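Shared between the two complexes below is chain A, which pairs with chain B and chain C, respectively.
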Partner chain A sequence: MSTSEVTAHPRTTTPSGDKYEGVIDLEPVKRAHQPLYTERADVTADGNAAAALAVLQMWRCVVYAGFPITPSTKWIEMISAHVAAQAGCKKRVKLMEAEHAVADYLAASAASCRDLVFPTATSSVGLDHMYETVKSLGASGLGNVMIINVYRASANYPLCIEGDPSDTLGQRDSGFIQISCRGKQQIYDTVLQIPCVGMHHDVLTPTMPGFYGIKDSHRNARLVCEPDAAIHAFQDRWIKPCPLPGLINGDTAMGNCVTSRFFQGFKVGQKRRFEKVLDVLPQVGADFERTFGRPGISYFETAGWPETGNVDLAVVGMGPDFGTFEEIREGYAKTHGIKVAGLCIRLLSPFPREAVREKLRRARVVLVVNQAHHQGRGHLTLDVADALINLPSPPAVVSTFCGMGGADVSESTWEAMLDNGRRALAGDMPPPYQIFHEGAAL
Partner chain B sequence: MKPLDPRTILRDSVLEIRGDGKAGGGLVLAFQSLASLALTDPTLHVQEWPFFSSARRGANIRSFVRISARPIRIACEVTRPSMVLLMDEGAANSVDFAQGVPAGGTFVFNSRHTPEQIAQHFHLSGRVFTIAGDDIGTRHLKASIGNVSAYVAMAQAIGGFEAKAVIDTFLATLKKRRIPELILQRNREALEASLAEVRTGTFECARPGDHEMPPFAGYGDLPVGAQTALRLSQSNKTAFYARSGVRLTFADPDGKCNGCSHCITNCPEGIILWEPDEKIGVRVTGAQVSTYCKLCNECISVCPFDLFTEKPFEEKWAEAEVSS
Partner chain C sequence: MSTYKEIATRESCFRPGSTLCPGCMEAMAFQNLGRVTDNGKKTIFTIGTSCAEVSTLFFPNVVAWGRGEEPPDEYTKSFSILHNVFESAASCAEAVRDVADILTDHGALKQPVQVVANSGDGGAIAIGLRALLHTINRRANITVVVLVNEVFANTGFQYSPAATPLTDTSTTPAVGPGPGNPYMPIDYVHLCIAAGADLVAQVSPAHGRLFQKTVEDALECKGTAVIFVPAPCISGWKFEDGRTMELALLGARAGVFPTFVWKRGQGGKVTDCQREAEKRPKLEEFMGPQRRYAHLLERDKATGEVRPRAGREPQIQQFKDWVQANVDRLYALAELKN
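Up next, the complex of A and B:
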């Protein structure tokens, strides 16, 4: 998009909350979009490619800022190659000198045009380098910022390049909407849907979809891509001209110090918008499913829950390794004569407490599987325990760790963790947490 | 032993394939192409992904593929593959490429050796496919790279793919990488040549206990600083990262070494051998090539008398000498 194609109308005031509708004419931007697909297409893609294709197909994405960092590098590589190869393409790639500059660029560009979506992809150290600006962005009201995080162990010693969600889980309080994906199709579909949540007028909160490095970023499979026009129609149903954030007037400018009275009030507003995600997200997901015939974004995925009645053992996990649990679930349950079900958490922030409680209250024991380093019993464990705390007779919570640093989570590891849960069913509660690998408790 | 038919496996359950090779050897491209080939059948589901070492070019890497007629949910690594590929014999120095393969499984090799030689040397029971991919690469691609041929051999080992689809899919994968037309044409020639050069046989050479998976033995002592038993720097002989088929040699029959020591100071691995010399101070006597030499060629480039050279090297197989 060249600047000459954007018609700017001069304004003399900048009242907070003004929608500025029509101030920037987006029609030329929309017209300049060159569709990738005019009809539904089957392609082979890995996770990075799926996320790249999704943003390339969105007319609202015209500038892609990025910095290469394993395992997310292919995202910006693929977008760059596409932009360079497509004659007359108006989209632009901005390769920045480091990740902190990417975050700064996102903040500035997203604030300059609230109705376009400004994405990047990063990972681990990259996300850590963005930390200061990410925290400001989380509070900014800029729902049009999307940081696609490819999970990798957070910057620590020793460095590890593989899928460990400690980077994303370390950003739980950044204020971003965090949603976890597994599999190419879910990654693609989520990147298409999540701006509809973040840019919703009740929410106005930046988004951080994420998926596991290597385990999903580099895993190829079949991907169904929707026609660009259908994607635009879907997104335009949800994304309306956004109001300006209440941040641009004098003493409330982003970065300036404010009084505690203002600060607390500001945070109340931020938290209320954040909680609205729990209302909006299922609506967007349901519309996506009606439109495209695939499951839309949701709080979590379920496996093995009966229509009614209780289960003995409920597993809570996230990411692609949950698929291995799904694969062995039925056989394990049959072998041991117990009912086993599972929740694969997708919405990490805000955590869907009520929905999780309603599901898990039907379990006798809850086995939580954490895959990121944590100072205590595990990020997911704390959220699950919090969700269950007000139940009159809450299920016992068994906490485990596995797959840290992207370590393989084999069938035997799942079986060992399930055995731990089964012992708790018999009243033999294990230690506060245990770490498992290759079928052994370490 | 009854050979396991890959087509039956992928129809009834999940065909799991594992490949071992060296970084930079084209293993990932071969597996990506195989995944794309399987996906040309709309009834099949596929997962394909690599496992990279954190080390450099030449280090061992792995690739995995799952193919099935039903949706694939399982996400863990492939530890009991019914089919394996060894892209580079050098990679077998560091891992047991056949570990976990059941009797009757399929073994595919990029190698000049015959299937019989391979089965005897590595103690394999099952179907063995070999192709001299590096030679085909040298002939058509002007580079000793066998991934084109290894891909063809894997496709033939699975069976049921038309030759045209095998060729077109690989070329389509290359086109995604924006490879120039001339190189595409050479790859086409290599693919066509490979189709006719795959050799195969069924053998029963495994002994009890061969290629069994050892149980996880834990991490051992855990002293501060991640110095666990898994740390490889003391035991990993990174000479295996070097290109296969050549080795560094040192020869100074005329006593030309003048003690300049450039080779000693430039060797990044500190493997140059020397002894004190009254006249020239330091006399170089060779290099510990079997431990850490990765053929970086630093010593070759700095020696003023060309005392270091690369020479062809091939490991002798005892079994090969007795087979026809």
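Up next, the complex of A and C:
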């Protein structure tokens, strides 16, 4: 980089154009933020409210674009109510005419000022409608875009508004960092942390935190909200001024047809930044835990995993239905005299292949539970199988589908799936995949 | 208001290196836009996917935008451009405007910023009509420039909803009993007025001074200004090199795309296009040089006169009727105050 200092705004040359220093001074924006909480508070909230509170508490969020789409609608309703109720609030709500326009709006606002965070919440067909620009954003280097996805099946038959993650799993290759949450506290905490990953200078990749529609979006629970000042201090530790120019403080050309001289180099750079998520995310999570005393973002959560890692039946799943498995795990293991443990995947993209392999390497059978339609054995199954492929004696992989269309996964369904895994332990491998509902293989 | 000469000496933001066809009206529009916007304010363009975009930003060509050989030291002369998908130019410009306004409102940005959205008629009037009208309806303080070449030039000159009737396009071929485009163009000027624009114009650089003055007025608007730029397309309209300006003038004067400027609260004016057909240049003069009308007209080899092909008189009359309605419509719109 070279710097010219002949004007009031020294010009710095970067690989993405020139940047004029001091054109934007965000200190007044930070000062103007009106805190929601000045001390830690216990509230009752559903998932949409938890996600809304988190972005309302971030000083870097100054405009909230949105469009109603079940089951994420309450997010923008709550934001609107809070912004309207704050006298003198300079933040804005931007109600667009369609989700596609929301995505376009996010792209340009994030490009305008790369040091602010531009969030929205959407779901299902809303995310589908955004897809064109979401794909563009994935490669844009704009880590300050955050699309909170409230999982619901993509448009298909039969219509359903429940939490089926086929919408988010259909976006696995969009280039967004996708992290799944369960429970209101995890939703709130994740929304606070994930911009720190996306806007990290080594990453610069947009983010898509998500949680299950209805199951988490519409059900209340206790939520601990941190004081705004503590959140700001945490985020400010991680979010440093972007070294690259934005539209306002730069002389630059941006967009999905604007590439460097080395097109392949650009794509390689995108891939490398994406892989860096695997380094940065655990660091942010660990700092969050040190700061607030709750678990930070991670690749996955574990249930019943022994120190030795020796497990007879390892279950891999995601989302709130994993809680039902956690409830029955110990009893099932005792009844059948086997060691049963589980991984609840959080980081969907990039998939933490190495960490998953390390965790599962001493399992005898891995039962993968998929909850979204897939052309083959299941999104998670393929990722898990890929993670295990180079092990000298990889565990057998049993693939199941359940809870599709957002149906609850009952205890009897979990038991039926576990029975399948147990049969595989005895050498009786089931078909490549099976679908379960209410305790029966369909 | 700046003088024509003063603007001509400014620095454009449109630079060498584009792959637009030689003599393309879009390049001329960008040169003019670039000079008018070199006015002491930071300039940001958004551009939807279009002929203009793929010809000015697309790898492996150079980026044909920016003021000067190098980025200027003076911030107020700096220039940024964002490309996003076809329909997005207006939404994106609105977002840039909002962020600049919010920063200014906070005292975080002291410098003024002007924002211009650029689209083709495919991006703005076909795929992006919804986005355009809603951005206008929200009174976004931006200038929207729509380059109207009446085809999807980017993908090979297919029909667009701005195509004039009966034209031969790649998807409305001039074959069969009803040759050419069977549809009437959408009334985009009226739509933008109805949606709430503060300024709506139809003017090209062929009317040089008026074009520049209109852009200056647009940049000063508090709400949304929309400028439709009739853009004769050498490859799509199929005419000989060097006739772009001539056809832009003829098209305006003959009533195909009359020059029109309308301001909310003041009304509008049709310029350089008489309401009575007999006082306007003959449509055959405009249509004759373009092979997109070759199925309707032919040139007499002996006299050089352009005349209807045998049996095509009804279509020619249909075209003339549409042109008269088009002129009448704009004269009527000019009477609207709000």
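In this text, the second predicted complex is superposed on the first by the 403 of 442 C-alpha atoms of A that agree within 3 Å, B and C clash if a C-alpha of one lies under 4 Å from a C-alpha of the other, contacts with A are read in each partner's own complex, and residues count from 1 in each chain.
FYI, a residue touches a chain if its C-beta (ideal position, glycine included) is under 8 Å from a C-beta of that chain, and two chains touch if they have at least 3 such contacts.
Computed from a predicted model, the values in this text were never measured in an experiment.
Within the superposed three-chain model, A:Met96 lies in touch with chain C and out of touch with chain B [touch as defined at top]. In the superposition on chain A, A:Glu411 makes contact with chain B only, while chain C stays out of contact range. Looking at the shared chain after the overlay, A:Arg422 reaches neither chain B nor chain C. Of the two partner chains placed by superposition, only chain B is touched by A:Gly439; chain C is not. In the superposition on chain A, contact of A:Pro158 is made with chain B only, not with chain C. Of the two partner chains placed by the overlay, only chain C lies in contact with A:Leu116; chain B stays clear of it.
In the superposed model, A:His374 makes contact with neither chain B nor chain C. When the two structures are aligned on the shared chain, A:Lys339 is found in touch with neither chain B nor chain C. Look at A:His129: by the touch rule set out above, it reaches neither chain B nor chain C. Put simply, more of the residues of chain A are touched by C, taking chain B and chain C as the two choices. In the complex of the two chains, the chain C residues touching chain A come out as 42, 44, 46-47, 49, 53-54, 57-60, 63, 65-66, 71-75, 78-85, 87-88, 91-96, 98-100, 102-103, 105-109, 111, 113, 130-131, 134. Across the complex, chain C is touched by residues 4, 6-9, 11, 13, 17-18, 20, 23-29, 32, 62-63, 65, 90-92, 94, 96-98, 100-101, 104-109, 111-113, 116, 132-133, 136, 245-248, 250-261, 263 of chain A.
Chain B meets chain A in the complex at residues 32, 35-36, 39, 42, 45-52, 54, 72-77, 79, 178, 215-216, 218-219, 226. For chain A in complex with chain B, the touching residues are 42, 44, 46, 81, 85, 157-158, 160-161, 182, 214-215, 218-222, 320-324, 326-327, 408-411, 413, 437-440, 442.
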